[in-house]
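Notes for the one structure printed next.
A, B and C label the chains in the order they appear, each numbered from 1.
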Amino acid sequence: MPDILQIRGLDAFYGSFQALFATSLTVAEEEIVAVIGANGAGKSTLLRSIAGWLGSAPDQILFDGEPIGGQRAENIAMRGVVMVPEGRRIFPSLTVEENLMMGAYVRRPGSWDLERVYELFPVLGERRTTPGTRLSGGQQQMLAIGRGLMANPRVLLLDEISLGLAPIAVKELYRVIPTLREEGMAVLLVEQDVRQATATADRIYCLLRGRVSLEAPASQVDHSELIAAYFGVREE
Amino acid sequence: MTDAIVQGILLGGLYALFAAGLAIVFGVMKIVNLAHGDFIILAAYLTLVVVDLTSLNPMVTVVVIAAVMGLFGYALQRGILNFTLGSGILSPLVVTFGISIIIQNVLLEVFSADTQGLDAGALELSSVSLPFGIAVGWFPFLTFLLSVAVLGGLQLVIGHTKMGRSFRAVSDDEETARLMGVRTRHVFGLAMAIALLVTAIGGVVLGIRTQFDPALGPARLIYAFETVIIGGLGSLWGTLIGGVILGVAQNVGAYFSPGWRELAGHLVFLIVLAWRPSGLFGRSAE
Amino acid sequence: MTVQYRVELGTRASRRFAVVGIVGALLLALVPFLADRSLLVSLTQLMILIALGELWNLLAGYAGIYSFGQQAYVGIGAYATFALADLVGLNLWLSLVLSGLVAVLIGVLTALLVFRLHGGYFAVATWVIAETYRLIVKNNATLFPRGTPQPLRALSVLGESRFQMVYWLALVAGVGAIIGALFLLRSRLGLALSAIRDDEETAAASGVDVNRVKLTLYLIVAAATGLVGGVYLLNNVSIDPDSYFAVGLTAQMVIVVVVGGLGTIEGPILGAIVYFLLDENLSELGAWWFIILGVFLIVVMLRAPKGLWGLIQERTGLRLFPVQRRLVIEKPSVETGVS
C-alpha cells in the first residue's frame, strides 16, 4: 500500500537542544507502525513534530505526498492527522460526552460518531455525563482514544497509551488497535512497552538519542539487535 | 437601610455584567484586560452618539451597541491582543493598559470632560412595588432582570453550544484543543467579542443610571475585578452573587457616609481575598 | 601546569563608564549652582522618576512581580513623612528615614493579602489595595482635613536653600537606586533573582526559596519606594491623597521601564530620560500627548519588548552595569624545573 506518512530527515529542537537528528520513517495506509526507545530517545518529540506542536521544515513531513511540516496543529488535525497526546490531556471542564464532541470539532467525513465510540468503549457510554477527569486512568485513555477517533483520522498518532496503566488495562486497549486498521486508518504509535508494541505493530522503529537505530518488520525483530538498538550497547 | 440593601442587590446585577466579560477573557485567554472598564464607558458614549442621531430611547439601542462592541472586540483581539499572547504576562498588561490610556483620552478629546447622561424617559421615573412593602424604581429592577437574563443566556451559550465548548476546552488546555482542529486565534476573537458584547450592555445601563465621563473606566475595572474575586471564577451565578455582595457592601457603606462607598467594597473584597482567595464559589485557586 | 582563572564582573566598557558615571554624578551635583528654580524642580522630578523606575524594574524584570499598586508606597512614604514631621513634630530627616520603615510594615500587610494571587490578578489586586489606602487617608480628618491639600510646614526648616537640598536628596535617591540595584543584583539575593527570572521551577529545584526571595525583594522595594515618596513630597511641598496615591504614578514607572528596557539597570535610566524629554515638550498637547503615549507604549511592547536599551544592547553588546559573572581563563603557566 502507498505511504500515507513520510518523515524525511526530521530535525527537532527544544530551544537550542536538539532532540531529533535527521529522523526518517514511513507509514503506509492501513499499516500499524510502532516507535520504541528508552526515555528521552525522542519518541514523543517525533509525534509532537508530526502533530504540529513542534515546528519543522515543510518537506520533512509529508502527508499523502504533501509537505505539512511546520504547519499549525489545528490545520494538521483538519487534514486527518490526529494525535492522542501523552498523558491523555482530557479536558477537566467537559464531561465525557463533551470531550468526545470536542474530538469531532474538526468535522471530517467518516463513520466515527458518538454511537460507534460508545460501542467500542461501553464504559464511556455509561459515564457520558461524568466530568472527563473523574474517570480511572484506563477509562481516561479510552476516552482520549475515542476523542481521537471522533475526528475520523486517516492517521492516528498514539503517544504512550500504556503510561501509568495496569497491564490488564493496557491489554484491553491494544486489543482495539488492530480493528482500526480495518477501517482504512493508519496508526503510528509510540510505546514504552516493547512486548506490546512488537505484538501489535506491523513494523517497528527504534530510536536512540534522537536517531533511528533499528527498522524491521515486527515479526523479524532479533532480540540482541533490539537490545543494541534500544540501549546502544553491544552484547558481547 | 433596607432601601440601601435592596438598591445594592439591584446594583449587583450590573456589576455581574461587568464581571462576566472580564471573567470570560481571563478564562479563555488568560489575560486581565486593563481597559475593560474603559470599554464600559466607551459603550455608554457610543449610545450617546446613536441616541443623539436617532432620538431613540437608549434601551432600544442596546442591541446595536452590543453588536458593534462585539465586532470591535473581535477585531481588537485578532488585530492587536493576539500578539500579546505566549510571551508572558507583562505584554497583555502593558498593551491593554496602553489601550486604556488611548480610549480615555480619545473620549476626552471628542466629548470633553463634561459629565454626560442617557435619558431612558418614563422608565426611569416609575416605581414598582415588591413584596414586604419595598418599592423600587422600574429601571433598576428591570436592569437586574436584564442582567439575570444575559447571564442565563451566557450560561446557555457556554454550556451548550459548540463555541461554548471550545471556550471551555481552550480555557482548560489550549495546546490540546488545537489538536482537535480548534483555530485558537479565531476562538480568542470570539471570546473577546462575546465579552465586549455583554460588557456593552452593562455600559448602556450604566449610562442611564449615572452621569458618566471619560475617567470613570478604571473604577469600573476594579468593581468588575472585585466581583470576580468575591464570586469566584467557577460559575456565572457565583459572579452574580459576587456582584450583589459588592453592591450591597458599597451601598451600606454609603449609607453611613458617602466617602465610605468604595472603601466598604474594597474591605469586603480584601476580607474574601484573605479568607478564601478562590472566591466564594470558585472552582480552583487563582 | 596550572590553569589560572578568575571570575570577572565588569566589562571594559563598564569600567570606562564607571569613570564617566562618577564624573557625571559630580557634575550633576553642581547643577543647583547653575540652574534656575523651575529647571531644578524638573530635574528633581527626573531623578525621582529614575529611582522609581529602577525599583519597579527590580520587581518586574527579575522577580516577575508586576505590581500596579506601587503608588501605595509613594503615598505612604509621603504621608508618613508628613505625619511624623508636621503632626508629631519629629526632625524632618528622621521622619523621612522612618517613613521607609512605615512603608515596609505596610508592605508586609499588603504582601500577606496579595501574594496569594499571580499574574494579572495580582497586578489588579495591588491596585485595589493602593486604592484602599488612598480612601482611608482621604476619609481621615487628621491627614486630609476639610478635604484640602496640606503643605509640608516642616520644609521651612530648610530655608532658602531647600530647592538645592531637595535636588541633592533626589540625586542621591536616583544614583542610590542605580547603585543599590547593581549591588543587589550582584549579591547572593541577586543571583537567586536571576535564577528565578530565567526559570522559576528550576531555581526552586536548585534550592532557592522562591517565595522568600520574592517577599524580601518586595519589601526592600517597598521601603525604597516609600523613601522616594518622601522625597517626592519634599519636591512638591503639598500633599493630598488623590495625587500621591494615583495609579498614574505606577503608570509612569511602567512606561519608563518598558520603553527603556526591562530587566536591565541601564533601561530605566534611558526610559526616564526619554519620557521626561517627551513630557516636557509634548504635554502641552493635552489629551493628544496621552494618546501618543499610549500608542507608543503599545508599539514598544509589541515590536521592541526589550525596550530602547534592549535594542542598543542587541546592536552593540554594550553593558554599562553588568551583573553577570564571566569566567576568564588566563594563559596557563608552565612550570620549569628539574625534579
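The working rule: a contact is a pair of C-beta atoms (placed from the backbone, for glycine too) under 8 Å apart; a residue touches a chain by one contact, two chains touch by 3 or more.
This one's a predicted model, so the numbers in the text were calculated from it and none came from an experiment.
When the C-beta pairs in contact are tallied for A-B and for B-C, the bigger tally goes to B-C. Core chain by CA centroid proximity to the global CA centroid: B. One inter-chain figure worth recording: chain A and chain C are separated by 52 Å, centre to centre, where each centre is the mean of the chain's CA atoms.
Chain centres here are Cα averages; for chain A and chain B they lie 43 Å apart. Separating the centre of chain B from that of chain C, both taken as means of CA atoms, is a distance of 34 Å. Chain contact summary for the complex, chain C toward chain B: residues 60, 64, 66, 68, 112-114, 116-121, 123-125, 127-129, 131-132, 135-136, 138-139, 247, 251, 254, 258, 262, 286-288, 290-291, 293-295, 297-298, 301-302, 305. Residues 162, 165-166, 168-169, 171-173, 175-184 of chain B touch chain A in their complex.
Of all residues in chain A, those touching chain B in their complex are 51-53, 72-74, 77-78, 82-83, 85, 89, 91-94, 98, 101-103, 105-107, 147, 151. Touching chain C in their complex are the following residues of chain B: 26, 30-32, 34, 80, 83-84, 87, 89-95, 97-102, 104-106, 108-109, 218, 221-222, 225-226, 229, 257, 259-260, 262-263, 266-267, 269-270, 273-274, 277, 285-286.
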